[in-house]
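Should a chain be cited, it is by its letter among A, B, C and D, assigned in written order, with residues numbered from 1 in that chain.
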C-alpha cells in the first residue's frame, strides 16, 4: 500500500483501469469461494454469475484504458452466454429437484469412479 | 491441361449420399420395408456420377488431378474444399460407388432399426468417397474419421454375437492410428510455415512442394504410416480385422474389405510416397518385409480357421500384404499392380463376403464343419463361390492375377527374395480356399440342416453378376484401367527419383538390344 | 483368322454349355461339345498345311492388348510346334469327347461334364497357342482349373474332391517356380514374347549369363515337373484317377500332363544355354521314368497302373527334351498321346463293362467278352512296349538314341531308359494278362458287355494311330523333324548318332521290351500267378509311401505350424499384445478412478487450482512479471 | 476526486454484495447480495463509458436473470437452507488456501513486482490511461456499439442467435422431462 499512497500523494489520486481490475479480481475470488463452498446449486449458480460479471468488469475497464470497444462487445457476448447458461442451468436444477427433491450438488454424485 | 467441366461434379458425388441420408432420416420410422429400396435407389446416383467421371476422365492426363474444385474455408492455413481425382483415386472412387448399391441390396435381411442402418451406410459412403478425392489434409482427415463412426455402428448394432467387442476394438485401434495421423498432419502443416515466406498450410499441393529434412520426413512418415498400417492392416497390426470382419453384418464386411482397408493403402500411395520420398526410400524395405510376413502369415493362419468368414478375413491380410509390397517396391509395375489390386481385392473379397452372408442367412452359422456337400443342394451358389475363390487365388484370366503378377514383377526388381517369398502366398491361397471349398461344398450332404437349402434367388444373383462381370472384364481386358493408373504412377515414381537419389530398378530392355543387334549385320 | 476361330469354337461351346448345358441335356450337349472340338481339329488341319511345304516359321495373331505396360498382349503363335500340339489336343480331344457321350451316359450332370471338357480344350489351346509366356501361363493355369473341376467332377465322393484339390495345389507349387521364372525372364528381357526372346538369345547368347539361364530353366523345370507329374511333384497324378476315365485319358495322359514337355521344348534355347539344367531335366526324367515304372508293377487298380505308366512315359519325354532332343521328345509326346489315350479309354471301356469295377483282382478272362476293346488295347500294349513297327517303338527309341548320343554321364540315363523299357513292357503285359487272360474273377452278378459304338469307334481310330503313328518320324523318313524344324530353328538340337549305332541301340531296346513281355507271359499266363500281396508289393502299391512321407514331413507339420500361428501366435501373442495394452490402460484407469468423486465441488477445486497453477506458470516461466 | 469516492462506495457495495451472496443461509439473501453486486457493476460500467453495457446489465442481469433466480427459489422452496457443515474432507482449508493464493496472485499481477525489485517502485495498475477520458468514438453508446457489432462481429452475433434458440429449446425440453411424474407412473398419465 505504501507505494500507492506515495504515488497518490505526489500525483493526485486517479481511478485507473487497474483499480477496476483489482476489484474485479477480488470479486472473482469471492465468487469462486462461493462456488466451492456452497452446496446449494442455486447459490453456486449465483457465484458463477458473479465471476462472469467480474470478468466483464475487467473487459470494460481494460477497454476504457486502451480506448477500444472490443471489450464491451465481449462483455455483451458474455452476457448472452450467461443468460443462455442460466436458463438452461435453472431448468436443469428444477428438473433435478422434481426428481430428487434436493438442490444440493453433493447428492448428485452418480459419476463417481 | 485443365480438366474441368464447369460443374462441381465431385462435390455432387460426395454429398449425394449424405443428402440421401438426410432423406432417409426424414422417412417415417415404421415404413422400414421402404428403406432398403429407397436407399438402394439413392446409392445408384453416386454410381451414375462416378461413371460419368470415369467417362469424362482423360486417361492421358491420368497423373493430374481432374475435375478439381477449390473453395477456401480458411485461406491463411490453406484449409478448404480442395478435391480432385487422378488415375489413382479414379478406380477407387468407382469401386466405392459400385459396391455400395450392391451391399445395400444385400442388406435386405436387416430388420433391426433399418432406418439407422441405411443412414449409416450412406454416411459411410460419403466418408469413403471423400477420402479418395480429398486434396486437403484436414479435409482428408475429417473424411477419414467420418468413416469410423458409421462403421462402428454397423458392426456394433447389426453384427453377430461378439459385435460389441469387435466394434470397440475396431474403433479404438483405428482411432489410435488416427491420433498419430492428426498429429503428423498438424506437424507437417506447421513445418510448412517454417519456410520463409510461407504460412501454415494443409493443402496437398502446397505440402508437396515442401522440402523436409530427412529426420522430419522419418517421423512424419511414421505418423502417417501408423494410421495407414493399422487401416491396411499390415502385420502385426491386423488383429482388429478378423474380429471386425467376422462380427460385421454382410454389407459391413463387404465395405470393410472392399473399400475401408484401401484407405490405408491409398493413404500410403497418396501421402507417404509423395510427401516423404526420402523416408519412403529408407523405410521401403522394412515395409516390404512386413508386407511379405503379412502375406505368408495371413495365408498360413487362414488355412486352419474353422470359421469361413474369419478365413476370408485372414486372406485379406494376405492380399493386402501384396498391395503394400507392390506399393513399396517403388517401381512402376509394383505400384500399378498395387493400385489395380486394391480394386481387385475389393471385388473378389467383397463377393466372397456377400456369398458367405447369403449362406449365413440360410443356416445362421459360419463354421466350415457345419457344411459339406453344398454343391449338390446349391449348385449355382457353389459355382459362383468357386469362381470368386479362383479370382481370389489369382487365376489368370480373372482379375486377381493381373495385380499379383504386376506386384510380383515390380517387387522382383526391388527385392527378389521378398518377391519369391511373396509368390509362395499364391500357393497358400490355393490351399486355404480350395480346402475350405472342399470341406464346405463337396462330399456327401451329411448334415440334415443342409439338405433343404434353397439355391440363390433372383436378388442374390442380381448382385453377384455385376461383380463377376467386373472380375472377368478386369481379368481379360485390364487395359482401360491400367491406362488410367499408369501416368499417375509414373509421375509418383518420377518424383521420388527426382527428389531423392533413388533410382527405380528397370527391366532389361530387350527392345534396345534388339535394335543394336538389328543394326549390326 | 482360322487360328482365332479354332480357339473360339471350343470357347463358344464352353459358354453355350455353361449357360444352356442343362437345357440342351443329353446327348445334345455331348454332340455340341464334340462338334466344336472336331471342327477345331479340321481347322487346325487346314491351317497346318502351310508348314508341310516347309513355309514360314510361324506367324503371330494378335487378339487384343492384355497388359499393355508389360507389352503383354493376348497373342497367338501359329508355328509347327503349336500346330502339332493343336492337332494332338483337338484330335485326341475330339475322339475322347465322342467316347464320353457313351461313357457319361446317364450321368445327372452330363451337360456339365462337356462344359468342363470344352473349357479344358479351350485352355489347352490357349496354352499351346500362346505367343508369349503370359498367355502360356494363362493356359497353364486354366488347364489346372479344368483339371481340378474334372477330377472332382463326382464331388460327392470325398476322395474325388480331395484329389482335385491335391492336383491343383501340387500344380500350384510348380506354378510357383514357373511364376518366379517368368519374373526372372521379364526382369532380364523386359518382354515375355517368345519370338523376341528367342531371337535375341540366338543373336547374342551372352545376353543373359549362364547362371541366369540355369536359374530360369530350373525354375521352369519346377513348373513343368508340377504339370507333368515328375519327381518329386508326381503325387497328384495317381490320385487324379478319381476323375471320370475320359478325363484321365484326355488330361492326365494325352494332353495336359504333356504341357511340361511342350514348355521345355518351346524354351529349348534357354536349356541350350544352361548345360546343368539339361542334365537336371534329363536326370529327373530318367529317375521319374524308372521310379514310376517300378510302382506301376505293383498296382492293382487298372487306372493307377496307367497313371504311373503315364508318369513314367513323361519321364522319357523329359529325358528326350532334357538332352535337347526336342523333336524326339515331342514325337514321343504325340505317339504317347495316341496309345496312352487308347489304353485309358480301353480301361474305361473295361470298367464300363465291369460295371464300375477298377480292381484287376476282380477281372480276368475278359478277352471274349469285350473283343473290340481287347483288340485295340493289344495294339496299344505292343506300342507302349516298344515293339516295332508300332508307334511307341519309334519315338521311345529315338529318345534313347539321342540320350545315348550325348555320351558321358548320359550313358547312365540311357541304361535307366533301357531298364525302364523292359519294366514298361512287363507291367503293361501284367496288366493285360491279368485283365484279359486267365479265369474270370468277377464279382457276383457282373455281366461284362462290349461298349456301344460311340465308345469303340474312338478306340479303333486311336488303335490305328497307335499302330502307324510312329511312321511320321522314322530314321528313314523324318517327316516330323522337317515339319518341326522351323519351330526349333534357334536351337542346336541333339540328334541320333550316325552310322550303325542306332540299329544296335534299337536292338537292345527291342530286346528289353520283348524280355519284359515274355517274362510277364511266363509269370502270369503260364504260371498263372495272381495279384501279388504283401511285402515289397505293398510298398510298390503305395508308391514307396511318398504320399505318406509328404503327409508326415510337409502337410502335417505345415498344418501344425498354421495352427500354432493361428491359435497361439495370432490369438495369444499378437492379439494378446493388443488386448494386453487395453488391459493395462483399463487397470490404470481403475487405479485413477477414485479421483472421480462425483462431487462437482471437488472438481471445482481442481479447476481453480489448475487455473492458479497456470497463471503461476505464466508469471514464472512466461516472463509476464 | 469525486470519481474516487464513487468508486470507493460502489466497490464496497459490490464486495459487500458478493460476501452476502456467499455467506447468506437463505438463497433469497444470496440473490439480494448478487443483485447489489450487479447494480454496483452497472455503475462501474457507466464510469468506464460503457453505457450500453450498463443498460444491458441492469435489464438482463438485474432484471431478467435475477427474476428467474427468484422464481426458481420460490419454486423449489425458500426455506430450504442447506446444511452448512462441510462433508467433503479438506474442502474448506483447500479453498481458503486457494483463495489466498488467488489474492496473492492479484497482488503480484497488479503490483509490478519486478519493477519493485528494480527499485523504481512503479505500480502497474496506475500506469494505464485514466479511465473516463475516452474520446467520442470509444464511448459505448448504442450507436458505436452497434456500428462495431454489426460490422466486425456479425457472424458471432448471429451465432448467439443460434445459441439462444438452442438454449430456449433445451429449456423447453428439460421442462418436458421435468413434467414427468416423480413416482414412475405410466407414461401419459400426469
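Keep this in mind: a contact is a pair of C-beta atoms (placed from the backbone, for glycine too) under 8 Å apart; a residue touches a chain by one contact, two chains touch by 3 or more.
Predicted, not measured: the structure shown is a model, and the values here were computed from it.
Once CA atoms are averaged chain by chain and compared with the all-protein CA average, the nearest chain turns out to be B.
The most distant chain from subunit A is C, comparing centres defined as mean Cα coordinates. One simple way to say how far apart two chains are is to compare their mean CA positions; for subunit B and subunit D this gives 56 Å.
Rounded to whole angstrom units, the spacing between the C-alpha centres of subunit A and subunit C is 89.
Averaging C-alpha coordinates per chain places the centre of subunit B 36 Å away from that of subunit C.
Centre-to-centre separation of subunit A and subunit D, using mean CA positions: 4 Å. Among all residues of subunit D, those that touch two or more other chains are 88, 91, 95, 98, 102, 109.
Of all residues in subunit C, those that touch two or more other chains are 597, 599, 601, 605, 608.
Pairwise chain contacts in this structure: A-C, A-D, B-C, C-D. Residue ranges on subunit A touching subunit D, taken from their complex, read 3-4, 6-7, 11, 13-23, 25-34, 36-40, 42-43, 45-47, 49-50, 53, 56-57, 60-61, 63-70, 72-73, 75-77, 79-88, 90-95, 97-99, 101, 103-104, 106.
Put simply, subunit C touches subunit A in their complex at residues 590, 592-601, 604-605, 608. Contact residues on subunit D toward subunit A in their complex (touch as defined above): 1, 3-4, 7, 11, 14-15, 18-19, 21-22, 27, 30-31, 34, 37-38, 41, 44-45, 47-50, 52-53, 56-57, 60-61, 64-65, 68-69, 72-73, 75-76, 80, 82-83, 86-88, 91-92, 95, 98-99, 102-103, 106, 109-111, 116, 121, 123-132, 134-135, 138, 140, 144-145, 148-149, 153, 156, 160, 163-164, 166-168, 170-171, 174-175, 177-178, 182.
Here subunit C touches subunit B in the complex through residues 64-70, 74, 134, 137-138, 140-142, 145, 148, 152, 155-158, 160-162, 164-165, 168-169, 172-173, 175-176, 179-180, 182-184, 186-191, 196-197, 199-200, 203-204, 207, 559, 561-563, 565-567, 570, 574-575, 577-578, 582, going by the rule given at the top.
Considering their complex, residues 88, 91, 94-95, 98, 101-102, 105, 108-109, 112-114 of subunit D touch subunit C.
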